[in-house]
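What follows is a structure written as structure tokens; I'll ask about it next.
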């Protein structure tokens, strides 16, 4: 019991919270970026543009089928070969964005495709242009359907930030490892703290998604 | 509108795929900028350092700063080379990440418990050695393992760190042992405590640092290799290398080197710091 | 790239073997555990439902790396000594089982309630109707998503590299740090992962299309 009290000293908790802050920061930036990029890529796939969609689809498939750890290595070790120094934090964001936007692209494409063709035809028949129909009829419906899948992908992204310890991103997992590496009595308290902190962040997000789902359904 | 979006998407996706491909396929070495003139211009040097290794480079939980002999050496070298106001920037590395990061240009130099070996000399250059370590073993007190020969049995597991020279050495000194490579020294030590291996092997300086915090563990056997640590610098950066060597010599002459040795190793039980003084 | 393949082929193959082995073992057990909790969640029993819900929510919201490290570091100190491969496989099993539970539960619930009622009114017991009517239909629906879970499993098995599980990623790290040819080493490893995951992923897409067409 004593090890728990010692382990959660103010200094250690501050250090963990600093790590949590990096985790949240990296997650939020990557979520926003990968939602935008994933949306564009998903749309390109949906549009079935000649050649382009096929190429984009193939690249997406390549990325989706690789372990995220490899993507971290390719970005952090590979990109600077082009002549730009890229620090740990932006590398992590970039790697997560590349990986997750490939995952999101598939979700978004599937979401748009799940709206029956009749919706578009009906809207066009009522005088809307293709883009108006997309904007006001198809996308809002697709968005509602996609919420659960999108949010569970965002939760995966938050959890995946822990893999960035491999390139020394000073996030929550890494900070916990530093604490228990210096005093191995703190191993269990640190694992408890890790589980609680990750759970709180991820669960909060899934509660938010449930709330959103309910609200959009009522509308 | 549809056409515009199509072309935007085309350009964008081409950029992305180009980025992916080029980052994967590129074998180009770091551009031939002179790291030394660059350092003079920015008045700073970027060093790759350990953050998980007591005595050499360890993250202080209270201040979030890395502290250790390597860190102090890097600061002293930077000041000697570039003047009092020069800044030493630190990037945390592990034994696994340090060489790729130096080669791809993210670092100017590595000062991270890195042994000068012939294998490594093929890909990077080294300064003169700045610390004389030797490989040894850390075991639980009362363990039957007394030296490296005791490890040479099939079924014996030895813990090391990915990318460290000690892992290569153990394959020679105890070829029958199974080597378990973990990400960094913090992981390696916790794995030893969890009974994932019979011994942890690396350089004695690092091991003595671990033994200080963990009184149930001890360093056994004499150092069975010589591990001179050097500052690693990219190939072709001879200017930078010469200045590091010059600064190193000055530090040794002025006694600053011995002061740092005493600061970090003066009170470590079992470690004869006089032996490594210069 | 070719140098690396030819000079390290035996290590690479054994790493690939460990990756596949660990993924298959984890798939087997997570299917059992996941289906069990999925059934808990649809049974007309509040306590079991809650247990199932809590298990899924807790496991789904904690990173795989945390679970795996827990089994590698904590369990051997207090319970039983297990090595990196076993710890990694247990971690993967537990982590994946939560996702499988979600997939299977969705599958069961998508088989309309009318099926169950019809079976019951024909004199079958709850378990008989579950066993012979609902589950077979549910499994047909969930095969493509389960296949995608298996692809995730193969990719996630790279977490074994953190605990010295001698899998493909671990071998890749070793080769990268002994040959110093980092990017090419990881490219080789990447291609080897793709050899397993790409065909699977295309096959699952094909199955998905077929089931969708069948349903429409």
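Letters A, B and C mark the chains in the order given here, with residues in each chain numbered from 1 onward.
Keep this in mind: a contact is a pair of C-beta atoms (placed from the backbone, for glycine too) under 8 Å apart; a residue touches a chain by one contact, two chains touch by 3 or more.
Because the structure is predicted, anything quoted here is derived from the model rather than measured.
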Checklist entry - Are the chains arranged, by touching, as a line, ring, star, complete graph, or other? => result complete
Checklist entry - Pick the pair with more C-beta contacts: A-C or B-C? => result A-C
Item to check | Distance from the mean Cα position of chain B to that of chain A, given in whole angstrom | outcome: 32
Checklist entry - Measuring from the mean C-alpha position of chain A to the mean C-alpha position of chain C, what distance in angstrom results? => result 20
Next on the checklist: What's the distance between the Cα centroids of chain B and chain C, rounded to whole Å?
Outcome noted: 36
Item to check | Shared-contact residues (touching 2 or more other chains) in chain B | outcome: 24, 26-27, 100, 183, 187, 190, 193
Item to check | Where chain A touches two or more other chains at once, by residue number | outcome: 74, 77-78, 81, 165-166, 187
Checklist outcome for this item: Contacts with two or more other chains occur in chain C at residues 73-74, 77, 162, 182-183, 190
Checklist entry - Can you list the residues on chain C that touch chain B in the complex? => result 72-74, 76-77, 81, 83-84, 162-164, 170, 173-174, 176-178, 180, 182-184, 187, 190
Item to check | In the complex with chain C, residue positions of chain B that touch it | outcome: 24-27, 95-96, 99-100, 103, 119-120, 122-123, 162-163, 168, 180-183, 187, 190-191, 193-196
Checklist outcome for this item: Residue set of chain A touching chain C in the complex reads 61-62, 64-70, 73-74, 77-78, 81, 152, 155, 159-160, 162-163, 165-166, 173, 187-188, 191, 194-195, 198-199, 202-203, 206
Item to check | Touch list for chain C against partner chain A, complex | outcome: 57-58, 60-66, 69-70, 73-74, 77, 151, 155-156, 158-159, 161-162, 169, 172, 182-183, 186, 189-190, 193-194, 197-198, 201-202
Checklist entry - Hey, which residues of chain B end up touching chain A in the complex? => result 1-2, 6, 9-10, 12-13, 16-17, 19-20, 22-24, 26-28, 30-31, 51-52, 54, 58-59, 61-62, 64, 91-94, 97, 100-101, 104-106, 183-187, 189-190, 193, 213-214
